[in-house]
Amino acid sequence: MDEKITQRSVWEKISAKLSKRSLWMLHYCTGCGAIELPPTMTARFDMERFGINPMVTPRQADILLITGYLSVKTLKRVVLTYEQMQAPKYVVGFGSCTINGGMYWNSYSTMKSLDRYIPVETYIAGCMPRPEAIIASFNELINKIDRGEANSWKDYYNNYNFYKENQEHTFEGPIETYNDIKADAALFNIK
Amino acid sequence: MSIVSNLLLLTLLGVLLNVIFYKSEVVQKYISLIIFAILTYLSIVMYPLVGSHFEIPFLIAGQHIGFTITYLNYYFALMITGITLLTVIFSLKFIKGKEGNTHYYTVLFLKTFGMLGVILSSDLLTFFVFWEIMSWSTFALMSTGGEPAHRSAFKYFVFAVTASMILMAGVILSYSLFGSFDFAVIHGKMASLSLPMTGFLLTIFITSFSIESAVFPVHSWLPDGYSNTFTTFTAYLSGISTRIGIYGIILFLFGVFGIQTVDKLGIIGKINFRYVFGIFAALTMIVPTFTALYQHDAKKLIAWHSVGQGGYMLIGLASGSALGIAGGMFHVLNHMAYVVLIVFAIASVEYRTGTTNLNKLGGLIKKMPVSYLALLFGIIGLAGLPPMNGFVSKWFIYRALILGGYPFLAIAAVIGTLGTILSVYKLIHNMFLGQLPERYNDVKEVGFSMQLPMWILMIVVLGLGVYPGLAMGLIAKIQVSLGLAAVPYALHGIKAASGQLDMLVVSAVFIGGIAVTWIIYLLGNRRKHVGQYNNYAGGNFLNKSVAYNFNYEFYAALEHVIDPYRKKIIERTERGIASVTDAVSEYIRRIYTGMINTYGIYVVTAFVVTIIILKELI
Amino acid sequence: MNTVLWIVFLPILLFVIGTFMLGYSRKYVARIERRYGPPIQQVFYDIFKLMSKKTNISHGWMHDFAILMLLGGTLLTMYFVPVPGFHFFAQYGDMLVIMYILLIPALGMALGVGETANPNGSIGISRALMMLAGYDIPFVLTFIGFAMINHTTSMYELIQVQQAGGFAGWGLISQPLLGIAALIALQGMLGEKPFEVMVAPHEIATGPMTEMGGKFLGIMMIQHAISIVVELTIYINLFLGGAVNWFDYLLKLFILFTALISVNAVFGRFRTDDAVRFMWKIPLPLAIIGILFIIF
Amino acid sequence: MEYQKENSIIEAMQLEFPEAAFTVKKARRIEVKLPSKRLYDFAVRMQKKWGFLHLSAISCVDWINDGEFELVYHFWNYDEKVLVMAKIRIPREKGDSHFETISNLWQPAKFFERDIHEMFGIYFDGSEDMEGFILTDWTGPPPMRKDFITREYALNFFHYREYEPQWLKDMMAAGEGNE
């Protein structure tokens, strides 16, 4: 996913600078990481300083936080929620369970690496990272957006087959999310 | 052949032809279409003949009886024939093949005959005769369409008979007082009457008309009566039938009795006859509108609303100021336009899906956009929001009540409006919005013959909203003809010194606002239309088996708040009235003992009493 | 000529004021919770990000038209509410017209959200309409009281009457009962916390806004910002003697808004029927007693 | 003997179930081993006669070497505050080991049996529903059986990230890693 960052127009630079300051986060409390978020939001660490607000529905959210291990059943719901989000959207994987299976590495029912199913922007290592690590990753994400490198969501549209194939292998068959990704790529001309 | 006799005879001809051809629907259909078209044309052309008087050649009880055309009954005649024509056009396809529709058109003709007779009559006798024909045909109209219709029609029958009896008492009393039936003569001699007698006579006439136009305590016949018949009849009845009672009130309150005599009936300071009548109208606005919240059948909901809106018309008339009366009369036309539009939309939904049960419908906007648009225009009118006509007449009524110094009647109007907005959104949401159930997947839009009346009424509702002046001209003439101050109207609103309403500017700014928002909308990127199952449901997969509409008990929380009051006050009053009537009728029943000798005694005593009275008189 | 200038720049001016007020309210609430809170211009960032979203979804033509009706209705209301230096449209429509135009955005949103076919949205709209029934009756009653005293329903004339009486002429001072009733009703009209039953994020996933994303939500936030300023201006015109100049207007706006959001910051949310019961138990009798004072 | 209460319970049961082996594991814990055919009668008497109203769980142990499953029924008596663990052995056929249900005596037994069916593949005749319980879309063999090697299944079903950072290689070269 490290294709050359095309030359960005002045307008894109300005819009990146402005929209990096407002990111709405849909924390999909799948695993044990969700408990790390309340301290990040409240008085001590206060992530609202960076304009990051918890949002309830995927339609309004920009960041999808996968906080912990994902069983195959939950992974289906995560893919559905991801497709319901509006581009540009960023996935942040919490903890080692999303990186390489974590302590459930040899379980028969949890997925082992998140980025085979949905494109992931940043990972946070740790078997539940503390709020400081979470805020550091958010800052990293903000800077990436500012530099215009946070384009993993385009990868989902451009080579959708890779993701579709992995999903269908793990789910043993396609899931009905009522989204035609290829048609969307053409409609919104996402290159 | 005078125009009035053409109108009346033509409707009789319609009745005759339909009775002859009751077998074939097709013939009935086209006959009634042609005849009603001619009727509408005739009533439009009637305008230059206003003021002319037509007498029936022979005399009855030494009195000339006949018809006359005034601005008031021209206004009502226009409405009656217009709405009947639209109903006939709509029911060409709607009624085809429905069981019990053999006498559909005959009853419609009878009803129109009765109504035209009532509004064109120039004296009490013809008024009463045609009033009887009208109430009979309304009973017939209400009883078509299945078993529950018979019961509710019978309920109307009981109310209608009492109303006609009271009216007959009034006719006889006024004949004995004034020696003549003619309205003009009565109006002339009105000053000679003593105060309590005018009060009594006025109450008689107003109560009989209130029963017909469903004022609060005597309104319970309307919701069942109107909702159990064919839906096209619901539209026709709630559109124009109850408004004949309003015609009667306007005619008698201002035409026959005159505003000066009515104002003389003061009790203490501000509290005069009109204020008491206003309180009844206020109750008619509040109670039915909040009962409409509970209904889960579209037709019942709209029937309750036509009772509620009747309250607005009456409170406009009761306010007594030029603006208020004009508002009340204008509201008759507005209400007719948007309530018929709403019920036509409900009828097209029923025609396609077969049910009007709000708990079972949903999501029909995807399949029936024209009916949705019709219902949308109708509910904006009914709720009284600016671009549509309902707002203009409500604005008149509000201003009249506030400037006339009636705060509590204004409070009732406010509560009534909010009740309307809530129940009206429930109607459009449960029928057209939300998820489309699987069984309505292959529903299609209704045909052109049913869409035409809806388009016409939409234009009327929007046209009157933006240019109220079109109808205000006629209403101002009516006010002058009834001896009231005319309302200072302009083509698009009111241009009075004390306050101005310019609907054209309001609508223009609204369109401007929408245009600006459209530009902002286009600044954003493209958007994609998605189906109803591509929806956020907490991460769950939506499909046919999971389709869910939030229809049942849409306002549960508000019902929790209202229920204690509703149970305590309204139910207890209704139960009180019922027990009183039971006791009285039980007591009267004892007279019919069934033994011959008791009847013998009755006859003898009656004979003796009459002799005594005659002896004094001679 | 200057009316045309006013007509063009008023929406932009009120949008900027409204958005800064929203940003200020988020920082104010944050400071009450002992945290820094976002910068003042945060709501501008949010609106810009929403408007620049690459993909937007809608559920049908009514969903799109509802957004136009939403902001169009608020712009319509904005033009009819007199603002210091601009009351050109006030002569064409009086307070009654404003009371009814306020309902157009609510109806527009209700129809659009209805079409998104999301049960959360429908529940949110039914709650919003019930809340509307709750707060609108006392609010209109207070207006009826004022209109009856001064025998006019035009808001501009009401301002003139109040300004003629100086500080004592203010609506809040001359009719304290009506003023307090309208203040509580205003808290409901703005959808502030104790009466925030419509957008209950924890219970019904932001209620009506569940399916609104991208530029749809952006336009809704613009509308929210403008409608806050318009509703506060209505209260100022009726009860705080209108505004002589823009500084006086902004000061009153600021004080009133701070009062409301400080209540918002410390209160939990009522259940819907409790909220309606509260609105009919406290402000409604207050308003009725106020009107009784006026009559006798 | 200090287990006075437990022994009196055992005597009462001993009369009716002579072939069962009763032992007192510790205070208030009794273990019963009995043939599988007798379990249903035992369960009826436990509930109706001896007042063990609470069936807290049914657990299953996979004795792969003996080729048997062991079903343990945990009965509790509220008054005596005593737990009786009834253990029975059923043969361990590859895919279709059967046993009778006791869900008509205790409602929760439905879920315990459904769970054991999903995890071990034992079919309980007469139970209302035997479909998947927690692993709804699972198509593989019952995962809790000893002959199901989860590590081998996970390795070839899921994809693992190749992660060979330099620091790990040096550490491995220095021999500190435990692999």
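As written, the chains take the letters A, B, C and D, and residue 1 is the first residue of each chain.
We adopt the following convention: contacts are C-beta pairs under 8 Å (C-beta built on N, C-alpha and C of every residue); 3 or more make two chains touch, one makes a residue touch a chain.
None of these values were measured; they are calculated from a predicted model.
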item	value
Between B-C and A-B, the pair with more C-beta contacts	B-C
Chain A and chain B, separation of their C-alpha mean positions in angstrom	60
Centre distance in Å when chain A and chain C are each reduced to the mean of their C-alpha atoms	36
Chain B and chain D: spacing of chain centres that average the CA atoms, whole Å	74
Residues of chain D touching at least two other chains	none
Shared interface positions of chain A, touching two or more other chains	57, 59, 184, 188
Multi-chain contact residues (two or more partners), chain B	525-526, 528, 530, 534, 536
Chain pairs in mutual contact under the definition given at the outset	A-B, A-C, A-D, B-C
Contact footprint of chain B on chain A as seen in their complex	28, 57-59, 76-78, 80-81, 84, 175-179, 184, 187-188
Partner chain A, residues of chain B touching it in the complex	525-526, 528, 530-531, 533-534, 536, 539-541, 543
Residues of chain C that touch chain B when the two form their complex	11, 51-62, 64, 67-76, 79-80, 89, 91-94, 96-97, 100-101, 103-104, 107, 110-111, 114-120, 122-123, 125-127, 129-130, 132-133, 136-137, 140-141, 144-145, 147-148, 151-154, 205, 210-211, 214-216, 218-219, 222, 271-273, 276-277, 280, 288, 291, 294-295
List of chain D residues in touch with chain A within their complex	135-140, 143, 148, 150-151, 153-155, 157-161, 163
Contacting residues of chain C [partner chain A, same complex]	26, 30, 33-39, 42, 44-46, 48-49, 52-57, 201-202, 205-206, 209-214, 217
